[in-house]
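Order as written gives the chain letters A, B, C and D; numbering starts at 1 within each chain.
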Amino acid sequence: MSDKPKLAMYWASSCGGCEIATLNIHEHILDVDAVFDIAFFPCIADFKIKDVQGYPDGYIDVCLFNGAIRTSENEEMAHLLRQKSKVLVAFGSCAYEGCIPALSNLTTREATLNTVYLDNPTIDNPNRIFPQPVTEVPEGTLFLPVFYHTVKSLDQVVKVDYTIPGCPPEPHQIWAVLQAVVTALTQGVPLPPSGVVGASNVAVCEECPRQRNVKKIKRFYRPYEVVPDPDICLLEQGLMCLGIATRGGCGALCPQVGMGCRGCYGAVPGVEDQGAKMVTAIASVMDVGKPGELDEVKLEQEIEAIFDTIPDPAGTFYRFSMAHSILRRTRVNGYDRG
Amino acid sequence: MAEKQFEPLIIGFTCNWCSYRAADLAGMSRAKYPPNIRLIRLMCSGRMDPEFALKALRSGADGVIITGCHPGECHYLEQNYKALRRYLLLRRTLKQFGIEPERVRLIWASAAEGARLAQELTKAVEEIRALGPLSWHNVVAADGDRPLELQHLEEVAA
Amino acid sequence: MSEERVGVYVCHCGSNIASVVNVEDVAVWAKEELADQGVVVARDYKFMCSSLGQELIQDDIKEHGLTRVVVAACSPHLHEKTFRTACNRAGLNPFLCEMVSVREQVSWVHTDKELATNKAKAMIAGGVERVVHHQPLEPLHVPINPATLVVGGGIAGIQAALEIADSGFPVYLVEREPTIGGHMAQFDKTFPTLDCAACILTPKMVDAGAHPNITLLTWSEVERVDGFVGNFTVTVRKKARYVREDVCTGCGICIEKCPVKVLDQNFEAGLGYRKAVYRPFPQAVPKYPVIDTENCTYFKRGKCKACQIFCPTQPNSIDFEQKDQFIQIQVGNIILATGYDLFDPRRIPQYGYGRLANVFTSLEFERLCNAAGPTNGDIVLRDGVTKPKSVGIIHCVGSRDRRYNNYCSGICCMQSLKFAHLVKERTGADVYNFYIDMRTAYKDYDEFYQKVLEEGVHFVRGRVAEVTDAARKPGEEGKLIIQVEDTFIGKQRRIPVDMVILSAALQPRADANEVAQKFGIACSTKGWFIEKHPKLDPVATMTEGIYVAGCAQGPKDIPSTVAQGAAAAARVLGRIQMQELALEPIRASVIEEKCSGCRICNDMCPFNAIIFHEDRMVTEINPALCQGCGTCVAACPSNAITGTQFSTEQIMAQIEGLLMFNVEGELIREMAYA
Amino acid sequence: MKYTYYPGCSLEKNASAYHDSTMAVAAPLGMTFQEVEDWNCCGAVEMMAIDKMQAYALISRNLALAAAQTPPGQRMVAPCSACFLNLSKCDAHLTKDPSLAAKVNQALAAGGLHYTPGRVQTRHLLEAVVKDVGYAAVKAQVKRPLYGLKVAPYYGCLIVRPGFLEKFDDHEYPTSLDVLMRALGADVVDFPMKAHCCGGHMTQISEEVALGLIYRLLKNAADYGADVIATICPMCQLNLDAYQENVNKYFGTNFRIPILYFTQLMGLAFGMEPTRLGFGKEFIDAAPALNKIGVEPPERSKPERPSKDALPMPVMPEKE
């Protein structure tokens, strides 16, 4: 093998969008190929775990790890790749903060498995067969990875050097980061300090061209209920948009086409809990109840009525950041094994 | 031996102008309430960031109490209305996290209501005591997710 | 491991704290267990607030190079200033000191010594974690404009204006009516001395009108208030009078010649008439009349102009083309003395006001017995000639009544006694007072009550059920019958009288809420302006630089109103003398690089401290306007707004410290997840 | 609008004129009634005083029946003031006091019934006409306005006073019936005693007291020149009508004021046949008064010019 730097990309609990986004850097992929040797990239080339296990520690120069830690296999791979990589990158929202897989933290492992193997209308499973971690068969013992109760982010199981947020990260941002790495490796420039790369340090609003006014929101609408004005801030029109509490860098792509920001770049730097910030910001600008207008009971009723137009606050505000939030998961009554 | 009763730990957020002074007054009038409550002074209930409540609940508190001036009596005119709205939306969100609404409460108390504040705090302690421990570290950690031995994984993946 | 060097001081407060909290143990514990958090010294002392206690801190700051101080003692509302000053003396920025209230929040409210000691430790841990994140701060200094705005030209506003003007500082006195004088100018006599209201008020009105330091803006209203303490910019709408103040001599010929008679609902309380060009009463200040465009024939039909034709001045004083003017004035302080409205007794139909001719309101009665009033002071029935032979005076009309106002209006008892005396004196009629409780507190009031009792006025204790003309018994025909339960004899009584006077409640001005909003002060749900502290700061408001006086703050009599007017003036004068103002540096500010311009915070501030720069698409906070509540800090979804003294880092650290161990004292932190 | 109808005992017998006229005017106003099947006495005014539990059970049976027979949200109407008060009061108390509701339901269970407090909302007929139908709709039906007829509107003491209901009119000086009568073209006189007691069952307990109470109502109406008194309650009608002769004898007066249900006057104004409206059943003949009804609105006599000395009267907000 050549002495080019070694690149790996691995896919844990995720959808594959990150790989597509990576390939979406178009002809730059040739530059990547020119600079790197691919050491491990199951999505595009055949590798075995044994190959990786065979590498000396720190053999891989850069490992792009995407996907959340959902199963024991994900966790083992995280440990393995950490051990074999000089630089480990949490690539994309799943690895960074749990993303969509971590929404299942709002329910139990049992309920998740039930949905997949039992309750789904397209499933026919009369014998109620569920995957078992250990199965005895005449030929011996079969093992399946353990399905965790709580989805974790990559940095909750191993030390992470860099994070590229986004679901998926924007190709131009990926290329910018890879370029920086390439420059560092080829010209001996020191790497940037660890942390989030390939994104802005300010919320999405900064990149959003929509006109913004003082916010007073009467109620919220589901996207199908209204046709948004093309020029005015979506939030002001009662369309949920997480742009106010979400790290920019994507170019405000969603709001520009009339779809509220979902929050995939995670919290703005310095914020610990994206969802809590949405709670406080949204509640702050709801237009209801001036002093002296209503008695306390009526006031509370009116506020509650408005909040009824936000059907799933936890799922909305923590859509991408559940695993990285302060509370991380729901508490299931009777589940506490403390 | 009788089983030791559960002692809940509660963090209370107070407004500098009303409820913190009510707590002062409770002290001056020697009103009693259980030592399960530890107070934090803010300038106004409008400063109450939901993150504070989450942080407290995660870090070992069994309940959170937010206190402020009665509606219409805010020192800063109307900021307690914002506190009320944030509290109500937070409460909804926390419900989805499996946290009983009784654990996160809002109490209005004017500077003159020392005795009432003491009563309300006592009531809150007893009601949260009845709910049992929250122990968030157990909620997150104790899920039995002990990773299997590496060789098992090898056989599966290879 | 913290880089700061923290000193912890635990006060015994004699035995106040030490009898419940094991203070020695706490100090030893803090030194040992909080070393990682930066604690290098921890001591307990009998009285930390004593000069010896303070010296202890000062010495340690110098000797041990302390960079932070935590004092576990009483409430910061008591001694925060003491310990901050001590730190300052030792060269440590005063804001690097944090107090932990282990007296009010621990020893005085808890009894279990072990649990109380645990709680004290946890609170100190919270204080230590917090203090590490404190920033050195400097108080904010604001220059004070020596001019003052007084809103409302009643006796409260006049008094306040005169006090300030006499001290040599400029005052703008704004009044929405054509003249100053307020309600007091409508009264006949004032209790308990029975001075004639006009005799004592008009000299003050003239003084205010002629004072070189007072700019009188009558027939004017405040439109807008911008700025903040020391530097308010106020926009006043000077409504068109249609009379030129620069040439009018106040001769009154226009009033004489005006052919239109209008029922005067304002000054004469609907009991008398005025002209379409008028001044409310002859001694009005200023003396210039005003044209009422709603009733003026010229404004209605385009002809008449009698006033202009007969005006003797050169050039003519009448100017039909006059327009409202907007005047901007700069002031440092504002006194609100906007007064009260009278409760409308039509809302209590069973008392018959408006239906039964001889039922009068208290204000109508004032006009009735005023020598300058519509009857020249004759107390007569609605027919204008008959003297009443019997008069019933009902107290608490609209006061102390759950259906209308819960509060006591304070003045009605004395006012009703005054009426009783005047009726007795001038007509010799039988007088009945119907009261719930007789409230005659304050100097010489109860003596007045006794005097009226001796004059033979009847007193019936009971709330009147109804006033009716439905006669039932002989002797009731043609009379107004007052149905009441006499609670002293436990019987229903029907008392026929010729005239009924309703002592109506004092109510907040109908537009009190709007006014409060305009000036950015707090207002009760009812509409009374809220003072900073009901006992210890009764004329200041929560908004720096704005004061209240008179009935706008709550019902009160003339002596209290005058006293409050003078008190507000004294507070303002104190401020003016200081020339500049040091404000507590608890302020919010925007970190511009983090601001995305989302504008969530823009509507958070009732003090208008938040400004949005459209050009740069970022928000900024004016530190002079900011009052430090922190609502915008909590609202910002980017954590781009920070608040000094109550930053997110400080609070988060304090939460962590407070949760160091549980109620029983077992460590929690070790159990926390990664 | 469809209502559940609770007639009450009086409307079956002495107040049949009220029932007939109610049914007659309901149709043009678009009100339809579904009578509660197997209803029983409302307990009148005495039952509460004798045994509260029994009274609540008795009243609740009607509520339970109404709830079982009618769709949710359909309001119940009671033309009798006492029935209205008892039904609404009972529901309010059961709502407030779940233990009382539980006991009552124990009693109801014996008859296989159950009542969920708050399920049936009761309105007095007057409130239903005024609030649900509205003055404008009533006015639209007027074919023969009651021009020149001086009416004293009498509310009685029961319907405006309950503090547990949303206030429907002023407790002490109600005006809704005044406005309704004016909509019919009648000349409404002030009637200060409009919400005073008619004596209720005092006629059976202490006639002297009752006659005193009735006398002052009649005198007050007469003082203000009323041709008729319009009532909204069978008890009031009975007392003022049937005992008017006794009053005359006792006090040496000569009142002849017909006491009519407000629905009878509505029917008349709607151009209906008097017999359909139960006229002729009253003790004090209404015919002489009704003969006064003119075809044209009477010319408004100019208000007497007050003498030049007189002080102006307070300005009252516009009527209606």
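Please note the rule applied: a contact is a pair of C-beta atoms (placed from the backbone, for glycine too) under 8 Å apart; a residue touches a chain by one contact, two chains touch by 3 or more.
If you're wondering where the values come from, they're calculated on a predicted model, not measured in any experiment.
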Contact-richer chain pair (by C-beta pairs counted) among A-C and C-D: A-C
Intercentroid distance (Cα basis), chain C paired with chain A, Å: 53
Inter-centroid spacing, chain D versus chain B (mean Cα positions, whole Å): 55
Inter-chain centre distance, chain C versus chain D - centres from mean C-alpha coordinates, in Å: 48
Distance from the mean Cα position of chain D to that of chain A, given in whole angstrom: 69
Chain B, residues touching no fewer than two other chains: 49, 51, 55, 58, 72, 74, 77-78, 82, 86, 135, 137, 140
Sequence positions of chain D contacting 2 or more other chains: none
Contacts with two or more other chains, residues of chain C listed in rising order: 523, 525, 604, 631, 634-635
Chain pairs that touch, as defined at the top of this document: A-B, A-C, B-C, C-D
Parts of chain B lying in touch with chain C, wherever the complex brings them together: 7-9, 11, 17, 20-21, 23-24, 26-28, 30-36, 38-44, 46-49, 51-52, 55-56, 58-61, 72-79, 82, 86, 118, 135, 137, 140-141
Chain D contact footprint on chain C (complex, rising order): 263, 265, 270-273, 346, 348-350, 352-355, 357, 361, 364, 368, 374-375, 380, 382-385, 466, 468-472
Of all residues in chain D, those that touch chain C in their complex: 170, 172-173, 190, 192-193, 215-216, 219-220, 223, 306-317
Of chain C, residues touching chain A in the complex: 513, 523, 525, 593-604, 612, 617, 631, 634-640, 674
Partner chain C, residues of chain A touching it in the complex: 156, 201-206, 212-216, 233, 243-245, 248, 268-271, 277-278, 280-281, 284-285, 291-292
